[in-house]
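Each of the next two complexes has chain A plus one more chain, namely chain B in the first and chain C in the second.
After this line comes the complex of A and B, so read on.
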């Protein structure tokens, strides 16, 4: 006769049983078969896209922050989880399992945990590859972990929802349908850009409140408001789905079903709280602010010592971008040499944080005393990230190709700031000022045609106008002088030029 | 008595599957015979706590399965092989049996030895690491028997256990049944009267949801004297009782 007379099982026994059950589920989880597929899609999509960007944490995590890695995994994870959830029905084993004393809820939670472990292991492995390679390539600063955390919690939610779908809608079609629905829902949140879609891990399109910034985490700390809210929402969704798994009579006694109902209620409450939180979200230059949980300390700029290049006027960048300093210095130097040392000329060119939802180099401005030229360089994003309403034509090439070539920086970037640089020295009101500006631009190798990307006076944020054709014609003589002669002429006539008492005919 | 059933009924809509069954049995192998639709499987499923009875009382191993706590206790001491065995195709035989051992809340330290013993007892030792999907019908049946016996149950319920087994395996299974019968209450639902004759110490014959006969196999055989339907004496007894019930 059996000797099994255990009335109450000690916790150590339960732990051991749970461990063995988990090992079995882990070894036979259908998620295992989905991992290679998800990893392949990740490689094609997120990995290749991310690695094509310069090795900055801001740019290499761009696709992650947009939720692309999550999107690569989510349909497979939901589908495999739904397949796992529906296996009792599919294999006709439900009756045999229903009469075992272990509450079915425990078995389902174990299956969820096993599937989630596989999904997370694969996701973290794939994401870790990007982080590892980026770190080896010498990316400075601190890596951004929030998108990884959001993705991981999101996948746990996907597994829970998938298993719940498989259990509650037991059919052979549940798994593929769940995968398709997950894809459509996530794609829709990506397209929408509305306030409540911010709760989706995929809610960072360029036109949304959560538009990604190239220099996220460089000048200001990465704002955790939105990731925290997303985690609350997705965690709540996970709890709610897991609670649903334990509500059926087969799942255990009344106590267990009450606990499952409480977990569902807790999860729903958390998700609804997140919905409430995000309703007050507002976009700022530094990211999405959720007022209820916002920490004002996150708005304080990061402290750093800029790195400066040796040019006629020093060009200073955030140390995270120091690899690009020689290129930018070389590209800017011809123009800076023309004005260096003149009254009103900037004493330094300083990189500042990107501002606005559509980062734009036209926001370059000269300010302070002594004057400093502040420029926001959009380093690290691909050309497509530049496009948006009212923006200049996209630049020539990929971000990597652009910022690693002084010639391309001179062609594509310098014209966007050149008129602003000169304006502080020369001004732009009179024909003579415009002609001298044109002459200096020509001497620095910036032709009138390349200045086409600089906005007209009416649309220029700084109000600076670019020289017109007449100005270029009038300034041709000054531009043709040697650098020494031009500098001598400029030194002699700068006061009159700035006072507006000189006419274009007085130019050489 | 390990099984005490009084006035047990079960309805499925308008169908009366089990109609006022009274049954009492203790240790040993109990055979449940009857034609298709007699209510054998429904009775077995009620005893296995798969479905609750519509009315009547049921006491198994001294416990009332209608109460949650008693039901849980009972399920730890229960082994059940359903008519249609369900299994996870990707599990190996050992994993399948281990899975049920864990679901039956066996002490984890005893699980590996119990699983190995159960697999050996049903003659699947050489297929222990084979995936369930690769097994033949007979082997699947044996794997199902292994999961039923892995917890050394005090009450074993087998629904058509020898279906799909070859003659040699059936002989071995009958030996196994007799062995279990020395330690536990084993209830076997079957169409095959020779299984009953070879392994059961007591037998009941069901007809239209009722017990038409209960006694020893010898008593059933005696009912067939003078009856000409059936090749073996026990078959003649089976046919005679059924004919009387139909009349």
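After this line comes the complex of A and C, so read on.
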């Protein structure tokens, strides 16, 4: 050995071996063998479900925003990470490894990094496939990257927690138990509607305080409040678990263990901060608002020029839903022809954002002067949203089947819209008003039985004015008139009818 | 038995029974809906993985050379553990209603155990949990989606003969093969 070599300052153990160790861990990480399983479950669950929905960004990311992609990966990631963490114990080499110059904390962090790289590569590859295909299909709306980020940070947390479990509870049973406990916890947060469960990457369409909606990103920008808080929480959890890996005496000198303790404290502080932030969360129509970090600019509606169809009264939709305009216009046309031009009739039908925690298939209300009919359509919904006991009546069929068929739109959507519009024009207080309403509904092709699923306006604030059987009988004559004759009669008698001075006997 | 960590496995099974009791008390498992079935399925999976992992022995080839009674030991161990798991889970769900009933819960656990034992055969005792976990992930989806196939027995009612046959076949195959061949010995990872 030459003098020259002896004079060279030896590089630190970490610097010398970090890259080599990472390459070794990366090649041998058990996460690699879990990737096909997780990808298969992802394909079965998230991919097939997402691709069955229409090509809107709001719909195609619905499952992602519910955390289903994360859930497909989480059990395998936690299990494989715990398996990797318990390797030294399992192979009976824990003591031999402990006396190597490389601090054990560095070794464990490298194992975590390698496992996380595999998990993230697989997750991003799978999610990227959905985004890529959706973009290629010319999806409308705005793509959101928040669920991808939350899922990625969540998987990093799963890997850290899994490795910590494998290291700190060395047993052959640790890996499956960690995977199953993690799944149980996630599944439990999925079926809980509490404030603090908002921190979970899972958001149930049935119980969450802010169930993801299909029209997200169309009328308002995505609210980043909750994803940001989730990232802080999950990131904190990751740091805390990684810090725990370096607290044991075998992990290195006092300095290293102090750094590990500081990392744990930092992680816990971040997670607790997120818990504090989410405690003030409130659900709005547009998503979860967390007052401490909320930016009021996010509440501004998106600017767009609606596209309008040629009907007796123009039907205007968000341009993202342009493909459905002919179907909706065709389905609404019989109704709009009946009321167009009457005093008090809406001058335009305008689509607005979905409202409420669990949005209905369709809502309608008349507002403003001149009156405008505001309708909210749940286009691109997911069928499971209607499977809860306290939720609105399930529609006939899948979103695609419903909104691509004028006949189905007329069956499922038109009755409620028609009842709202006709009530606005005619009223429902007197027997004559009810009879004329019944006549107009009949003339628009809406049967009495199709109104039976709606609650009555008198019994529920969300109810509609429903003419009874007597009103339908009384309005039969008016309904039987030709469209021109009916229009002429209505024009002549509408003022008296609205004033309540006309009796049902005066109807034709 | 001790080398197979049977005492630890029984403790883990008791923990599964405790979680089952807790789930029933806290209404995590309530009614017969998909959520209740999925929560129960996870606990059954946990029990099955414990039984499958207990098939692993630390002696490897030297145990194989120990004598001709080894297959009986493996079979007896698998059957005894399954019986203990069934008893503990039944105790954990005493006086409560499981989705599908206790017979379906036992059928599901036995089938999952069979898959676990087959995984032990293919992947080694330590990784025996991978099979039941993957099967449970698929079964969770099929329960939500309402798929009906006897091969995904957790989604089928207790009286379904096809599901019982499939689960029974998986268990019989797993127990028989693990008895004859033993878990795969992997000297890595």
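One rule holds for everything that comes next: the second predicted complex is superposed on the first by the 470 of 508 C-alpha atoms of A that agree within 3 Å, B and C clash if a C-alpha of one lies under 4 Å from a C-alpha of the other, contacts with A are read in each partner's own complex, and residues count from 1 in each chain.
Please note the rule applied: contacts are C-beta pairs under 8 Å (C-beta built on N, C-alpha and C of every residue); 3 or more make two chains touch, one makes a residue touch a chain.
The shown structure was predicted, so the numbers you read here are calculated from the model rather than taken from an experiment.
Novice: Where does A:41 make contact in the superposed view: on chain B (first), on chain C (second), on both, or on neither?
Specialist: A:41 contacts chain C only, not chain B.
Novice: Quick check on the superposed pair: does A:487 touch chain B, chain C, both, or neither? Answer first, second, both or neither.
Specialist: neither
Novice: Quick check for you: in the superposed arrangement, does A:322 touch first (chain B), second (chain C), both or neither?
Specialist: neither
Novice: After the superposition on A, what does A:28 contact: first (chain B), second (chain C), both or neither?
Specialist: In the superposition, A:28 touches chain B and chain C alike.
Novice: Thinking of the overlay built on chain A, is A:72 touched by chain B (first), by chain C (second), by both, or by neither?
Specialist: Second partner only.
Novice: Quick one: is A:476 in contact with chain B, with chain C, with both, or with neither? Answer first, second, both or neither.
Specialist: Touch status of A:476: no partner.
Novice: Kindly classify A:183 by the partners it touches after superposition: chain B alone (first), chain C alone (second), both, or neither?
Specialist: The answer is second: A:183 touches chain C but not chain B.
Novice: Answer with first, second, both or neither: which of chain B and chain C does A:87 touch in the superposed model?
Specialist: Once the two structures are laid over each other on A, A:87 reaches both partners.
Novice: Intersection of chain A residues contacting chain B with those contacting chain C?
Specialist: 28, 30, 87
Novice: Using the touch definition from the top, list the residues of chain C that touch chain A in their complex.
Specialist: Going by the criterion above, the answer is residues 5, 8-9, 12, 19, 28, 35, 38-39, 42-43, 45-46, 49-50, 53, 56, 125-127, 129-130, 132-134, 137-138, 141, 144, 188-189.
Novice: Considering the complex alone, what residue numbers of chain A touch chain C?
Specialist: Interface residues on chain A, with respect to chain C: 28, 30, 34, 37, 40-41, 44-45, 72, 75-76, 79, 83, 87, 90, 171-173, 175-177, 179-180, 183-184, 187-188, 191, 384.
Novice: Give the list of chain A residues in touch with chain B in this complex.
Specialist: 1-2, 4, 6-7, 9, 13, 16-17, 19-21, 24, 27-28, 30, 87-88, 91-102, 107, 253-254
Novice: Using the touch definition from the top, list the residues of chain B that touch chain A in their complex.
Specialist: Checking each residue of chain B against chain A gives 45, 48-50, 68-69, 72-73, 75-78, 80, 82, 84-91, 95, 98-100, 102-109, 111, 147, 151-154, 183-184.
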